[in-house]
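Chains: A, B, C and D, in written order; residue numbering restarts at 1 for each.
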Amino acid sequence: MKKEDANQFIKRFLSTRRQTIELCKPLAVEDFVAQPVSDVSPPKWHLGHSTWFYEALILGNYDDDYREFDKRYNYLFNSYYESAGERVQRPNRGYMTRPTVEEIIKYREYVEEKLMNFIRKNPDKIDGNLEYILELGIQHEQQHQELLITDFKYILGHNPLFPVYKEYIPEEGEGNNTRENFIEVDEGVYEIGYRGDGFSFDNELCIHKVFLHPFRFQDRLVTNREYMQFMEEGGYRRFNFWLSEGWEWVRTNNIFAPLYWHQIDDSWYVYTLSGLEELNPGDPVTHISYFEADAYARWKGKRLLTEFEWEIAAGKFEPAPGKGSNFVEKENFRVLPPAHGSVQFFGDAWEWTGSAYLPYPGFREAGGAIGEYNGKFMVNQMVLRGGSCATPVKHIRRTYRNFFHPHLRWQYTGIRLAESDK
Amino acid sequence: MKKEDANQFIKRFLSTRRQTIELCKPLAVEDFVAQPVSDVSPPKWHLGHSTWFYEALILGNYDDDYREFDKRYNYLFNSYYESAGERVQRPNRGYMTRPTVEEIIKYREYVEEKLMNFIRKNPDKIDGNLEYILELGIQHEQQHQELLITDFKYILGHNPLFPVYKEYIPEEGEGNNTRENFIEVDEGVYEIGYRGDGFSFDNELCIHKVFLHPFRFQDRLVTNREYMQFMEEGGYRRFNFWLSEGWEWVRTNNIFAPLYWHQIDDSWYVYTLSGLEELNPGDPVTHISYFEADAYARWKGKRLLTEFEWEIAAGKFEPAPGKGSNFVEKENFRVLPPAHGSVQFFGDAWEWTGSAYLPYPGFREAGGAIGEYNGKFMVNQMVLRGGSCATPVKHIRRTYRNFFHPHLRWQYTGIRLAESDK
Amino acid sequence: MKKEDANQFIKRFLSTRRQTIELCKPLAVEDFVAQPVSDVSPPKWHLGHSTWFYEALILGNYDDDYREFDKRYNYLFNSYYESAGERVQRPNRGYMTRPTVEEIIKYREYVEEKLMNFIRKNPDKIDGNLEYILELGIQHEQQHQELLITDFKYILGHNPLFPVYKEYIPEEGEGNNTRENFIEVDEGVYEIGYRGDGFSFDNELCIHKVFLHPFRFQDRLVTNREYMQFMEEGGYRRFNFWLSEGWEWVRTNNIFAPLYWHQIDDSWYVYTLSGLEELNPGDPVTHISYFEADAYARWKGKRLLTEFEWEIAAGKFEPAPGKGSNFVEKENFRVLPPAHGSVQFFGDAWEWTGSAYLPYPGFREAGGAIGEYNGKFMVNQMVLRGGSCATPVKHIRRTYRNFFHPHLRWQYTGIRLAESDK
Amino acid sequence: MKKEDANQFIKRFLSTRRQTIELCKPLAVEDFVAQPVSDVSPPKWHLGHSTWFYEALILGNYDDDYREFDKRYNYLFNSYYESAGERVQRPNRGYMTRPTVEEIIKYREYVEEKLMNFIRKNPDKIDGNLEYILELGIQHEQQHQELLITDFKYILGHNPLFPVYKEYIPEEGEGNNTRENFIEVDEGVYEIGYRGDGFSFDNELCIHKVFLHPFRFQDRLVTNREYMQFMEEGGYRRFNFWLSEGWEWVRTNNIFAPLYWHQIDDSWYVYTLSGLEELNPGDPVTHISYFEADAYARWKGKRLLTEFEWEIAAGKFEPAPGKGSNFVEKENFRVLPPAHGSVQFFGDAWEWTGSAYLPYPGFREAGGAIGEYNGKFMVNQMVLRGGSCATPVKHIRRTYRNFFHPHLRWQYTGIRLAESDK
């Protein structure tokens, strides 16, 4: 690594680290501890884990002088890396009241200091592989920034006091989103996957060809207004719109609306990070499961895009986030109607696709802990594309593949419809 | 329907019905009742359900003179058809000791009689749609013939007395299967799906094109000998071969070998429908989950075929079952090495593919109960191809898509490896 | 053992064995297999287990010439005797379709033959201890006769066809039971426990004194009519009548009536072993849990008797079953109003007492498997007294202590009220 | 209430409130949030709930001018009082990060202020019943002081960092406890229950007589040294010492030592509120379940006292806490050998008795929420006597009945042996 690149890296590293802390500012100390469901981690765990990543995968492996801040933290802050040893079982993270937030902040500062020193002193020791892992550290922290937001939304949003994270003042004229437009993409053999010099995950590599039949995609996300129509027509009570597992999920969990929706005296309210507020019908619907996205599309006589259709359509009509794209830097912390001129592929809400999360042809995992990043999750999950209002804009790409189990709703997820002839 | 076709149909119908009863002959009455796990149904339920299908979907809808054998049977023998009303919850089937087997046999005969009369009297009333449903009744019963075998294998195989269903005398020279050969298929745009005049399920229709990169497939199934090597090299103890959910499945269920394997005094035994016997190393490995198939392939540095690769490869090298193909009519009730000259695409064991079970482009469900046959299961399951030693040979096709959840093992399932350059 | 006593014993032994088979006659083979809940065992298991008891605890230990009918049966038919080795886990009994009923009958006959030969040949070898175990074998089988009835009632009563076990013709004038009478017992130091020469269980021994304050007991069981009043006044909807765990049980299991009650078009029906029939308001209420018995008593402003009060009251007013007592030999298989002149302490329904099942002062368990009969269950269960319409009359005593967990309802259980001044 | 008594009450009230806050001082804010198991509540919940009790049961009912601090707190801080309305389900308490600890402290101060004003202004309005409830408020808070200690012991003790709550310096010569002495109590009719002018719970009232046979009680608690001998002789591996449910509990939860014991390199360590330390063999064993207490006693050929024997024995030999009694005011937060001259009935550890928690003869619940305090828990729990090192000394009495489910271990519980001649 050139010294100049090293400096550049440190700058981006520090800016990422600062951003993590910034996002936590509105929280009370108590908010850092809870883990109301297994998928949601305590914010303080995210702070520790995104630090442990640098310690365990970089300093511990490459810096001979490094001494751990506290040996026991490996056990506390390892997430799922089997190769990094035993760890606190995921559902128990919420019981770990120590180290305190203050101690974790010290841990963060310690590791930041050591990492910067290591890079400054040894830029020549940093080969391409290590450079990739360093970059992965930043990307990894960006992912946890998004999780921080969705996780404390879950924690605050399940508290009967409905605390406000940040006030929101809607802009004039917001929320009129009634255009109804489908855009056509021609059939053909297309190229899928990341081709470029920047960072990408292993699951986007392996450029390969796919044949696509002609299709049309809706030029925006489905709105609350539209989704409420689905509900009014018995969406949650009629089995025939649902996948069998989806229907079971609806009945077992007594689901009758998206997550965070509350019906009070015949009106719909929704919890956002600005507190409980009346539902805005023009906003895109969000916090819905794949099952709900799929059921909505069937009810409408349409379907979801495949991840390949999405990637190709974006390539043609909106290959990268635009100025108006609603990412975390906008600090809206909510989904909004598309900016003028945008087809809303990027930001606002992750779009469920009809594609299962599977390896691309030729996919091969990296060795060691890095190899546990993506490949081992390639079963029983569906691909999402495009990023959300909680995603850092620099984290996203047209070829970026996110993935979740089909029943999960605590991420900012949304629906885009597709259709084909025949 | 022409009268001639009606007669033809009745002939095939009766032969299918007889075959069901034939398969049950070696059972004791007691064996018809048990349901040791939710996926396995009591044999007596299969007998009733495959009869109910004709009653509820055909006679009840099309024969105005039809009177139900017993109105309460609809509740007892509906499987999962929401549109056909309430039903005994799946895990409770094993508690329904009545009707007795004898009464169900009477029910079968009653419905057979009524159906034949209806067809004989009204061949002209039978339009294309009804003809399809009639045929579906036979296909449905064939599926339950396969389930009958795997289900009573499960019931008998989990009994400490290891009862024999049918003795088996191995043929001379059986079980030497050491050839190691991969066959190449070229890249190209290929056509997928069923094109023909015969019966097929809705999930095979919607012919469409896929682009395949060049690949090679193993010309036979993986053997017990090979699989034991995987086990000896720590296959079940080393997390890095496994999908994350697979590894959790291994640990939660304490899995250390395929289903029906028993280690007694350092030797491996296996329960087959001929009782507990020493494992034959040359036989293909069977009763393994997708997780195990995938882990084995990773350990070997290979992968599974996609369902598209399988369909195209079969089209080129073995487009249909051959004379030696080991289907249920052979009455082996066990997987065997490939017949001379066969690449074993058909029979023996269903082959797990690396493809998730998803709709083909343009897929649209039928209306009513028929529409609940396939589409609503298109999430969280993996595709299997080729049929097994428990499948009726007439039931299978090159384009036939079977599907199961990745952890299931009670079907005759097997592994075929694939590889590509790069 | 004297030869004469040996002959007497054999006579009683055979009569008990015959009675077991007699009770099973109305069943279909299929009914012998199912285990709808863990507490209910398949009838075929009872047949095997009550035979295994003689084999494992008597023949296996005392008869040197004895050869087991099938060594593997020990694993299949041991219930909970840790000292007798590994066994099929209780909830899995319903999956053991083999041995067949016919084979178990052969097993029964084999063991009967061997046991009789052993006794005939070796009356002198039979000391007091062995005599006790032999008698225990009979008593044990009587207990399983009662369980046979309650278990196939559960199996048939949860079948939507509501099969009839035995028709019942009510006697003239039955079911008018409106007397409302409480009988007083004086305070004093009383003696509790079995004192006599006959058989008794270890849990009744250890005669000891208790001080009883004055109390009054209702001279009959609570009726359906009375219980329906409790229901009509919100019995199952008002928490304040319930123990906390009882209230949780009601809500978790959605309980709103006794077991086997069905509300059809505003009328109450009840499943009895004669099929589904209209509820007779004058019959005693049965198949209720301790939670329900206790809630009913609170609603009424009364309480249940303690087991000591019961034993003393019975001693004074009905020390043993009378002619009209409704035990299994009457073949009613249902609870009935008290016979003329009876205070209904014996037969009809086991009476929940307000006493926890605990050891009497000085209680000491026997050694070996016999020691596992009673003592190890002395926690979290409540005592019941008096026997039911499913109990053999020779099995019961005034000092007999039965015990079940407070939520269980599949036995014939009933309510008798008590009250004290102050 | 006389003005003087009112002033006295306020003094005791404030001192109790202060003590609660005092006990929390060593905690970090984070420690107030977690609920690692359902039985353990977050310390911040205890702070809120013990305040809510005054608000909901006193101010809300009796002070017409009272305005709630926050209406939504009723939902958050009600524990189990059905009559006080809906509430956060117990296992969800740990997810309520708001109100913050600081806000709860304000809530406490608000309610304290209002309660004192109410009492000062209206001493004449306070009748005997309200006086009882006021006193109950203090007693209730004392119970939660004990729970605070055991709950944050659980939270800190399950953290891999083993945080120190308070350092402990052992006194010279501590821990030699080898005396082996049983003291005899004669048979007779004895009086049980609270007779006096002070406060007592409803479950201690209803003085009544019991007959006790002669017995002997051990003059101290069982020590770690003795308990380790039980362990070394296979205590946790041999079923015959255990109640059936106890044995299932041992195997299901893989229990092999008391709670908080850790085996490290062949030595036993124990977590105390002073951190992880080497086990002191002379200290009484604590944090054991009823199952363990009972199993230990059986292994020793002894038994536990009944609650009646305990009460009578204490009446004769140690009717009230002595100077050396180890209660929470000593700030040891650990069990210790008995003080010189004491038979250790009071303090150190709650003693499991062999008595189920049942109503005394004539027991009648109070109306309203107060009535839900004790009676509704009278099933499936065992009685404990004597208080522990976490109990306020003023809270305890000879007649005090504590109760827990037999598997619970997070309280300071211990074992005292008993024996009788048979």
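By our rule, contacts are C-beta pairs under 8 Å (C-beta built on N, C-alpha and C of every residue); 3 or more make two chains touch, one makes a residue touch a chain.
In this text, all values refer to a predicted model and were calculated from it rather than measured experimentally.
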Item to check | Fewest hops from subunit A to subunit D - one hop per pair of touching chains | outcome: 1
Checklist outcome for this item: Between subunit B and subunit C, the Cα-mean centres are separated in Å by 46
Checklist outcome for this item: CA centroids of subunit A and subunit B: separation to the nearest Å works out as 38
Checklist outcome for this item: Per the C-alpha centroid definition, the whole-Å distance linking subunit B and subunit D comes out as 59
Item to check | Multi-partner residues of subunit A (each touching 2 or more other chains) | outcome: none
Item to check | Chain pairs in mutual contact under the definition given at the outset | outcome: A-B, A-D, B-C, C-D
Item to check | subunit A-facing residues of subunit B, complex | outcome: 80, 82-83, 189, 208-211, 213, 239-240, 242-247, 290-291, 294, 303, 354-356, 358-359, 361-362, 371, 376-380, 382, 406, 420, 422
Checklist entry - Across the complex, what residues on subunit D touch subunit A? => result 28-36, 44, 72, 75-76, 88, 92, 94-101, 155-156, 158-161, 163
